[in-house]
Amino acid sequence: MADSETPLLDELEEGPWPSFVKEMKRAAEKNEAAKDLLRQLERSYVDKVGHWKHGGIVGVKGYGGGVIGRYSDLPEEFPAVAEFHTMRVNMPSGWFYNTKKLRELCDVWDKHGSGLTNMHGATGDIILLGTSTDHLQPCFDDLAEIGFDLGGSGSDMRTPSCCVGPGRCEWACIDTLELLYDLTMTYQDQLHRPMFPYKSKMKISGCPNDCVAAVPRSDIAIVGTWRDKIRIDPVEVANYANDGLDIVQEVVMLCPTRCMTWDGKTKTLTIEDAECNRCMHCINLMPKALRPGVERGATILVGGKAPIVHGALLSWVIVPFMKIEPPYTELKELLDKIWEWWDENGKMRERLGELINRLGMRNFLKAVGLPAVPQMVKAPRANPYYFWDPEEVK
Amino acid sequence: MADSETPLLDELEEGPWPSFVKEMKRAAEKNEAAKDLLRQLERSYVDKVGHWKHGGIVGVKGYGGGVIGRYSDLPEEFPAVAEFHTMRVNMPSGWFYNTKKLRELCDVWDKHGSGLTNMHGATGDIILLGTSTDHLQPCFDDLAEIGFDLGGSGSDMRTPSCCVGPGRCEWACIDTLELLYDLTMTYQDQLHRPMFPYKSKMKISGCPNDCVAAVPRSDIAIVGTWRDKIRIDPVEVANYANDGLDIVQEVVMLCPTRCMTWDGKTKTLTIEDAECNRCMHCINLMPKALRPGVERGATILVGGKAPIVHGALLSWVIVPFMKIEPPYTELKELLDKIWEWWDENGKMRERLGELINRLGMRNFLKAVGLPAVPQMVKAPRANPYYFWDPEEVK
Amino acid sequence: MPFIKIDGLEIEVDEDGFIQEPDKWSPEVAAALAKSEDVPELTEAHWKVVNYLRDYYQQFGIAPMIRKLCKDTGFPLKEIYELFPSGPAKGACKIAGLPKPTGCV
Amino acid sequence: MPFIKIDGLEIEVDEDGFIQEPDKWSPEVAAALAKSEDVPELTEAHWKVVNYLRDYYQQFGIAPMIRKLCKDTGFPLKEIYELFPSGPAKGACKIAGLPKPTGCV
Amino acid sequence: MATRTDFGPPYFRDMLPPVIQKNYGQWKYHERIKPGLLVHVAESGDRLWTVRVGSPRLVSTDWIREVCDIADQFCDGHLRFTSRHNVEFLVSDEAKVEPLIAYLQEHGYPVGGTGHAITNPVHTQGWIHCHTPATDASGIVKAVMDELYEYFVDWKLPAYCRVSLACCLNMCGAVHCSDVAILGIHRKPPVINHDVVRAKCEIPNVIAACPTGAIRPDPKTKSLIVNEEKCMYCGNCYTMCPGMPLADPVGDGVSIWVGGKVSSARTPPKFSRLVIPYLPNNPPRWPETTAAVKNIIETWAKHARKHERMGEWIDRIGWERFFTLAGIEFKPQLIDDFTLAPETYRSTPTFKW
Amino acid sequence: MATRTDFGPPYFRDMLPPVIQKNYGQWKYHERIKPGLLVHVAESGDRLWTVRVGSPRLVSTDWIREVCDIADQFCDGHLRFTSRHNVEFLVSDEAKVEPLIAYLQEHGYPVGGTGHAITNPVHTQGWIHCHTPATDASGIVKAVMDELYEYFVDWKLPAYCRVSLACCLNMCGAVHCSDVAILGIHRKPPVINHDVVRAKCEIPNVIAACPTGAIRPDPKTKSLIVNEEKCMYCGNCYTMCPGMPLADPVGDGVSIWVGGKVSSARTPPKFSRLVIPYLPNNPPRWPETTAAVKNIIETWAKHARKHERMGEWIDRIGWERFFTLAGIEFKPQLIDDFTLAPETYRSTPTFKW
């Protein structure tokens, strides 16, 4: 080990958690770029700064995004990563794979790139980490061959993602997987050819547990819910109680609306349905006994994002409940109106939520044709600075 | 009644609540200005707009404030209120009076003004409603004779006020009345000769019940509290329980920190003192049994105000605990530093809270020499936009 | 509208005695206004304040804040009140022919 | 730094092929850059876009937003991609000699 | 003769009744005997009875003298006013308590306002003395209190309930933290008088005064232009400049706010929040306003738990539910769009129908 | 040859194992059998076992092939990845479940991450591939997860706990709503290279990019000036302009944020909040950072009630108490001074010591 080129990184091969350094070394055995990546990273560990140049803009024909250009700032020392672009490849709904497809993907990537990937990127794409400019188009062509298209980057609709939903989850109130596929296909143009003021993200969760972090991480969040009442199987409730679940402490007391009562003697759970806000907590604890209602649809929230430029935002309810069924016309009409308004009014690098803040929720709602309802707010305004349409003031 | 000049106002003589119209009529019997005021008000009730001109700047010698100039915009119709200025007269601490003083005041006002007053104004002053320009100085002189001075107006320290405190309340953790008098006397200059960027209000409450609304209504709020533990008289606690107070529902369950336990069998109440936030609720319900601790002082909060210009603010904790004892040196030093910083940095019509928001709490705290402590915040920041002193970054 | 008379000239003032047409201000007008503000005579010190106020207003379109006035003229507030018993706003600004200070009262 | 050669002249470009000295841009440079972007020939339509971009940049110091580009040139985005297969940012801006678009990728 | 200045208010100690002088700071506990009557007991065993009565606040000197007569008769000449404009008669002789109350009731003084009651609304000048009002103050307060009278003189409410009124956005009534607030509002932008602006206004200050940046200078007229789309009629420009009035019989009116509180008991202070953006000015009794206030208070009284203030109740049930229970229609104006707006938006699919 | 475009991702239905094809949308309930093992039961009675394993996310094609081998052997060639980068083996044959787990454990795959555990940290590129990082991503994650390993493979926590990392303020790791977030930060303003700014930057866009308005044009140099007093090192200008780098071995490092959550279970989503403003970059194992994260998690685990997420626990006990219990010093940087700052200030004298 004394003569290792990467003494610092080598330390990260130790320990129980699987090691990315091992992975890099594995790739480095077959690939020069992977090897130089490892060496350059070691250099960063010594210098405590990154060694990539600013920016990079490369791509494939007909697409305005999907590839992140990257160049080493030490190309002499690490020539194999002088060019080291990543490709964002659109994953299948719910990140479901069969091994055949995955192996094909590996073969393409071994042929054209570093052999290193992220499974997956934080937005959800398959990230193919590192190739040179002249490999981009051939790599894309080979990917196309096996049925993989690029995802989003730049000022476009970003690769949307969704939770596992009806694929494996009993709580999915909407068909997240199918909806995701349909929207992805409908909006290929928006995905591949940036034309918005900035990025626009969309995520779809099947229920308020939000396993794909739609509320904080997407400009447009579609979250499944129901409008009727929780279905209760009283026998199973009693079973949970008998099996040791402390229904009062763990369920009733943690219900945010305190709309449940537990009769310890008869082992009966009652829900005052009108007061339930469908937070999922009780269902989460007793999946065998409680289930979402049957009148299902989604809440639409918009505006979520990270802190650049004006601070992080969670997304905000704009449609409390919408039926979500193919061909998803109502939803798509809304999406079109939202993007249209944003695209028309947004400044460069202004996310949807920031634009709503700048122009006012009232203008947004009017533009997209949605009525104001109390479900949109935690609380009404506390300041008296509000507007009237001159029409309203006789 | 058919020929009443004020048919609309007359309707407000009816009903169980004491009628200001009756009062106006009473004054009108002796005083022309009061009479024209009544007639002009009736006119407003018909027109649905006020009938006072904009602004007005009048005063008495040596003072920059204390009088609000006012002129009718219908002086021909209501000549007796062509000039109708109000004088703000500094009330005694806690609004305590003896009848002798009050009668003297009435005599002065009958001599010089309309005979109408507000007991008291929303800031706390005695408002003498309506006199003419040439009566101002004589009225002031006569007031001085009986020991009444003017309060604040304009960009000065406004007349500070305080709750009844040790005068009649067992919970007063500081001597609100004496402190108010001392501060008022110390800051006569600031009160009478406007020199700040805008108004500055100060209110003093003896405990967190805040009976003088210091937290929302003053730039500088001084609120009594204690640092040790609530004193419990267990016998009296049991008495309350026996008398029908539902200690679990009404006390324990409403304690915000849930730091109390009630043993129904032994009728014992226990408080986990370290977790108590001194909200007063339990004390409020059982004044005979529970009392504030003995290590007393005040929390200082700053920045409260109404919505002009940048929105209403509640005041914010800047000193969690300060001993408040004559000669109040620590407090006065802090007040001086606060005003100095505000006066130096504030824009025209920028209240203290708005300036803190504009320049940042950190700059304010540094300028007035206060350490950052968790008691100042409900929660730490959620955005990553923070500053470092270059010194700190080696 | 009330008037003040200077050398036969009538100058309109508002109820509070502030002149209505700023252009008509002159040192004579100032002297006349001074009387209504308990300033029997405009001394050099008075003029220092008055001129400062006028210059400032000319330049910025607003009256200076009091702290600035004191700093820039070198008169502590106390002295300003000695010079102008009705204070900088009602007294000095009026004499200097500035618009009536509005806002916070 | 890489170069492109036009009529013997060497013009510095960055790794992405964007010219480094904006002053050196000329129609010939544009033609040379076009080749690297799969634009065999600069037609009138291409020039319309290129000139628009240059004018806009001259005036505002920034590249226009895509929506504006489409509106103002009258080319729907689809056609822009037909004209410049690598798109408005990487293709058209490069040929127009604008700075490399940064920010959001 | 140089005027004496800066001598300050009368010293309060000279005003205190002997029982307070003696037991100053030595109070031990108090009891609420019945509405309007408190007794405070000192460590020494001394007792002080307080009888609280409502006042119209706008009073004549004769009224003050009348109250003084009463204080002379029952309180050895001692009384005080409260932070909400009520009068408190300070009685040290138990024998005088009931006669005082009887006397007061007989003479039309509302005895009450203590404990779980509605007390005197803090309010403002309105058309009586101010130049910026969008409504009257005393008139509405009188109309509302006639309607709420029973809640002043009796204990019928689950908790404290503070009603306040301010006649314009300056909020002198400090309504921003009241259980129920009545706030005068304008709904039309200022009508500019350019001559006045030119002659009388400090233009930079007027521009700076606008919270939404709706005002800009107009070099042509040497006056100002208001972008009416950005104006939310706060009246702040008018405060700074007489040339920009916005009072208007049709535009002006009243808005209703609920759920604020001041004390830190149980929960920290809260802002009041808009629930009815506009009701017409309808003097002399503002029936729409009085009905709205009464409805809100009675809805709360019906549904809240004991000791649960308006805002605490709403926090528990949720604002969605408040609107259903109170039968109030939710209007677009209720959705915030000022500087801290995002903090009021709902960021979760959990809510009630 | 025109390239085919816009054909989209592979259709997911082609990827589903037969048991899902059959029971799609017909799942009835699930059980958490043990850490890393779930079973979902369909209305039809069919069962699907899921075995979850942690992945380093940055993986080689060989690793993917290896995982495929396992899926072929135990899952008829079916697997999926999760929204937090774990691998899930989808088993429809009960007999293969335990052998699969045994195989995985034997080969060093961490089986776990389900239920009340710490799962895979969402994270980012860091020094591996990004141009704006203030720290590395994969390295810290590895170091932290080595330390927290037991909490991944076992159920030792009161509730879910999501740890995330982002290497700069762009927050690609979307750390803003994590129970514990590790965020790379710069602490020095950009060092301007005027030549680069002039030649390569869209100056108006750079100016607009600065959240605090710290940048203004410099007509003299035709470049830019940064008001360093207003710069809080967000790096947004650098994103827009290569002439303004701010990475620096001394300035850069890590900050720690706590109390965020995403789900709406019980309480709405919450933002994470700053508790440690700076820890040094100390590769390869960032001991200060790993220790801080572990301390916070273990403090929570010790004091929280069952099902109480980090932020829920802190809301109950108060932030003052969090700092005492975790033994973390409160620093001035923790006090907000950005646009919504007043919402974080305490407006009540009620707090804990």
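Going in written order, the chains are labelled A, B, C, D, E and F, and every chain counts its residues from 1.
Definition applied: a residue touches a chain if its C-beta (ideal position, glycine included) is under 8 Å from a C-beta of that chain, and two chains touch if they have at least 3 such contacts.
No experiment lies behind these values; they were computed from the predicted model shown.
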Of D-F and B-F, whichever chain pair has more C-beta contact pairs: B-F
Mean-CA-position distance for chain D and chain C (Å): 63
Interchain centroid distance [CA atoms averaged], chain A/chain B, Å: 50
Set of chain C residues in contact with two or more other chains: 62, 100, 102-103
Multi-partner residues of chain F (each touching 2 or more other chains): 169, 171, 176, 205, 209, 211, 234, 239, 242, 264, 269, 271, 338-340, 342-343, 346-350
Numbers and ranges of chain B residues touching at least 2 other chains: 53-56, 60-63, 68, 189, 208, 215, 256, 279, 307, 311-312, 314, 348-349, 382-385
Arrangement of touching chains [line / ring / star / complete / other]: other
Pairs of chains, among all present, that meet the touch criterion: A-B, A-D, A-E, A-F, B-C, B-E, B-F, C-E, D-F, E-F
Chain B-touching residues of chain C, taken from the complex the two chains share: 15-16, 18, 38, 62, 65-67, 70, 77-78, 81, 85-90, 100-105
Residue numbers on chain C that touch chain E, as the complex places them: 20-22, 60-63, 99-100, 102-103
Interfacial residue positions of chain E with respect to chain C in the complex: 199-205, 209, 239-242
Complex interface listing, chain A residues touching chain B: 307, 311-312, 382-385
Touching residues (chain side chain A, partner chain E) in the complex: 208, 215, 223, 225, 227, 256-257, 274-279, 299, 301, 303-304, 313-317, 320, 353, 357, 360-362, 365-366, 372-388, 390, 392-394
